[in-house]
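Two complexes come next, and they have one chain in common, chain A, joined by chain B in the first and chain C in the second.
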Partner chain A sequence: MIWLWGAILFWLAAWALNARLAAGPAARHPAVRLAIPALFGVTLLVLWEGIVRGLQVSPVILPAPTEIGATIAASLPILWGDFVQTIVKGALSGYVIGCSAAVATAIAIDRSPFLQRGLLPVGNFIAALPIVGTAPILVMWFGFDWQSKAAVVVVMVFFPVLVNTVAGLAASERMQRDLMATWSASYWQTLWKLRLPAAMPFIFNGLKIATTLALIGAIVAEFFGSPTRGMGFRISTAVGQLALPLVWAEIAVAALAGSAFYGLVAAIERGMTFWHPSQRGRP
Partner chain B sequence: MNRLLPILTVVAAIVAIWYVATIWMNAQWTRDQAERAGVELSFRDIVTDTLAQDRPVLPAPHQVVAELWQLTWVEETTGRRGIVKSGTLSNRSLVHHGWLTLSATALGFAIGTGLGFLLAVGIVHNRAMDLSVMPWAIASQTIPILAIAPMIIVVLASVGLTGIVPKAVISAYLSFFPVVVGMVKGLRSPEVAQLDLLRTYSASAAQAFWKLRLPASLPYLFASMKVGIAAALVGAIVGELPVQQGGLGARLLAGSYYGQTAQIWAALFTAAILAALLVGSVGAVERAVLRRQGMAR
Partner chain C sequence: MKRLLASVGALALTAGGALAADDVTLQLKWVTQAQFAGYYVALEEGFYEEEDLNVTIKPGGPDIAPTQVIAGGGADVTVEWMPAALAAREKGLPLVNIAQPFKSSGMMLTCLKETGITSPEDFKGRTLGVWFFGNEFPFLSWMSTLGIPTEGGDDGVEVLKQGFNVDPLLQKQADCISTMTYNEYWQVIDAGISADDLVTFKYEDQGVATLEDGLYVLEERLADPEFEDKMVRFVRASMKGWKWAEENPEEAAMIVLDYDETGAQTETHQKRMMGEIAKLTAGSNGTLDPADYERTVATLLAGGSDPVISAAPEGAWTHQITDKALN
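After this line comes the complex of A and B, so read on.
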């Protein structure tokens, strides 16, 4: 019981500290802005640990964070193998293929307003569908290895990126395009020097949405059949063996990989669209 | 008509590509069969055979539509276990499975939207909550949450919760974060001048909330509810994968185990129709509410 009360006490104390920090004069300082969510995260972990130990929750239902940490440290080779199989081979290759195909398609249909008016509503509609459901079909077509996972990822990321790119290519203003025309710029020069740069904020918006979709697609596709490694495979088999700490370790890896992937794309965006209002004025 | 023609053209093109792909992908099996039987095949024979195989690699569109019709109307009206003969929905029909998925989606969406709404109100009115919770809500968007769906199902089953609730938990979780992020944005959308005006009327925080912040947040709420309900449907379908107790996800997995491609595609189309209906009905409510509010675009 002492664990439970200790955790609750810690939570109350941390919350009081956070409330004081947020209301205090230092709230605008970047370090404090980082410290408050960090403290909140730590509080959640402590509360979790306290509840699991205090109420003696069976590790089959919810393992404690320390136990998960120990599992991560003990099974690094397994986690690394799964990471390479699912994220690097499946998600990343599918992401690259799908996103480049979507941008290429958007440029290809760019010259035909008729096709755009037709493809945009259809693309928007398909982007809202449960595309994950195509996973069993694609696993059947492309086999159990990473190629089928990459195919699922391609289908999942294609339409969000396509819709955003088409919207982005229409984002340059009439005046700017007229200016390019007065310089007798060709279609490709206008595309390369004006419209693609102007479309970058939109394209990156699509690319950022696609990072999460890519990981989801690669992991869920493994539930429908996979070689004996991979994060989705490990999660479904470990759940079957009630080895919950290993499942949580995989989830931690997936969460870290997802955040890192998103952060990487966001960092590239900041470098390439430094001129856009949403990027200016940030420290 | 001006808007419909391009869409119909694109849809027709997709169907045409699908037919060509059907012939191309199923031709191998047809040729193998013919070789074994020692028969010469003309192109015409290949086309007719590939479009009518029992277990095609890719079923033709008309086969999928026929399967859909077979598993909904025909099964319910003439099937031994259909609603006409037995009084209950047949457990082979997609109406039954679609209903299971839909009810889990709806329950989860209601829970997720409600909780998301409450958290957003808390975040907007409490600075400590804003600074500590909001970064996590945004970061959690980058995490592949769906991957833990099977674990949630199994864990909840081990504490005795089965049926609709575990699936609804996943749906709620998935629809929760879009609503939080959208609502916070929406509740903050009134301009400073408008908030100042209410302060000059000496309105309380509650009055400002009901009379200004909430109405101003509605467009944002509906936009994120559309994202949330689509996510809730995906969550319910993935939640049906690990425990085979019916639902569209269970049909997908069963179809993939037994190589029943037409069944997979029929389940997939049912899911697509459900998604369209759900997003469409949120859109209809949105239009009606915004028109009453005088905000219709």
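After this line comes the complex of A and C, so read on.
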């Protein structure tokens, strides 16, 4: 019980400290702005540890953060191998293929109203298919290895990026397009120099959504058939073996990878769409 | 008047409490099928009722690990295979075997004859389908005993996480797949492949068989005399159900079909399964044979560099229930 009370005490103290920091004169200082969420995160971990140890929760139900940390330290080669198999080979390749296909399809739709009427409803339908239904079928078509996981990711990211790109291509203003016409610009010149750059905020919106979907798709697809590596495989088999610390270690890696991926795309967005109002006013 | 009514009401409630049967929740290892016929027979034929038990049978399925269910308090007793139960015991979940209805193992590795595999030595460099979720331990032990690494490469085997179907063999994605004598093997036959086109390795014949369906409970609950008495009655009624099922396989299969809520099971498949299951339960009256237990532990410990369990378990089984139930 001393663990539980110690954790609660720590929580109250950290809360008070955070409140004082956030309201104080140094609130805008970059070090303080980093310290506040960091302190919050540490408090959550301490509370978790205190509750698990204080209430004697079985490690089979919920392991303590220290045990998870020890497992991470001891299983780095396994975690790295799974990361490469799922994120690099499965999610990333699917993401690249899916997003390029979606952008290309959006341009095709833009060129041809016939395709617009036909392809958007089909894309809508494909996006609505539940992944737990499509994943086993794609595993059967593409085999057990990373190719089927990439296929699942393509199916998942295609429609959001398509819809966003189509919206983005319509975003350039009438006046801007007329100006290009007065300079006798061809369709492709207008597309490349005006409409695609104007569509960038929309496209990046879709790309950011797609990063999350790609990760989900790659991990869940592995539940339905995989070689003996990969994050989805490791999570499902470790649950079966009751090795819960390893499950949490994989979850931590997935969270880090997902945040890093999203942050990378957001950083690229900031570079490419610096002119857009949503990117201004950032310190 | 009010006081009279209130006390009559209270008395009525207590009387009801004294007559109610004891509740027992059983977690099965897989979906409702003839593999668990004994328990469904005991439910249907009233054997549990005779012992004053109100039994709820929870079917399992893909992604349901019985050990997790019992750890979370979702069941009083679970059907599990011994390797998974011993591994769980080592991980900190103190499961104890209280009965062993299945004497022999039905696990096999089935290969297509056209792959050219004729003996276990030919496994090197091949792709083998293996179930996980607690069912991988017999396979891992066998590979360790043979000295074949499971990471792939020319000298090892590439392991495929097999779903609970036989598609990897039919789609030629794996050279061999894991099958049970009573289930997946017949699914392959039903899919159109004749028995002549298959090469089968039985774990019993290879000397690496481990004990399968047994009844497991959490150790600390056995110390409670009320729980122990419930389990004694439960095991007695369940074994009566098993022996009835062995003698009346066709009727047992029909009882299982009645209880199948998914509607996915067919009469032919269940009757065939019951016939095969009867071969596995024959020879056991429910008491765990310590020699079988030792053999299973030895197989699991012979894992070499990657044993399923690292030390011989202590107190992983008990005769305290079967002694009282069956004697």
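The rule is short, and it goes like this: the second predicted complex is superposed on the first by the 263 of 283 C-alpha atoms of A that agree within 3 Å, B and C clash if a C-alpha of one lies under 4 Å from a C-alpha of the other, contacts with A are read in each partner's own complex, and residues count from 1 in each chain.
The rule is short, and it goes like this: a contact is a pair of C-beta atoms (placed from the backbone, for glycine too) under 8 Å apart; a residue touches a chain by one contact, two chains touch by 3 or more.
Model, not experiment: these values are computed from the prediction.
Between chain B and chain C, it is B that contacts the larger number of residues in chain A. Shared-chain residue A:Phe224: touches chain B and chain C both.
After overlaying the two complexes on the shared chain, residue contacts for A:Phe144 are found with chain C alone; chain B is out of touch. Residue contacts after overlaying the shared chain place A:Gly24 against neither chain B nor chain C.
Once the two complexes are laid over each other on the shared chain, residue contacts for A:Val239 go to chain B and to chain C alike. In the superposition on chain A, A:Pro59 makes contact with chain C only, while chain B stays out of contact range. When the two complexes are overlaid on their common chain A, residue A:Pro136 makes contact with chain B and with chain C alike. When both complexes are aligned on chain A by C-alpha atoms, chain A residues 60-61, 136, 140, 223-225, 236, 239-240, 242 touch chain B in the first and chain C in the second.
Listed in rising order, the residues of chain C touching chain A in the complex are 63, 65, 67-68, 71-72, 84, 87-88, 91-93, 132-134, 136, 150-152, 158-163, 167-168, 171, 173.
Residues 58-61, 136, 140, 143-144, 223-228, 233, 236-237, 239-243 of chain A touch chain C in their complex. Residues of chain A touching chain B in their complex: 15, 18-19, 21-23, 27, 33, 36-37, 39-41, 60-62, 114-119, 121-122, 125, 128-130, 132-134, 136-137, 139-141, 211-212, 215-216, 219-220, 223-225, 231-232, 235-236, 239-240, 242, 244, 247, 250-251, 254-255, 258-259, 261-263. Only residues 3, 5-11, 14, 25, 57, 127-128, 130-136, 139, 141-148, 150-151, 154-155, 158-159, 226, 230, 233-234, 237-238, 241-242, 248-249, 252-253, 255-256, 259, 261, 264-265, 267-268, 271-272, 275-276, 279 of chain B touch chain A when the two sit together in their complex.
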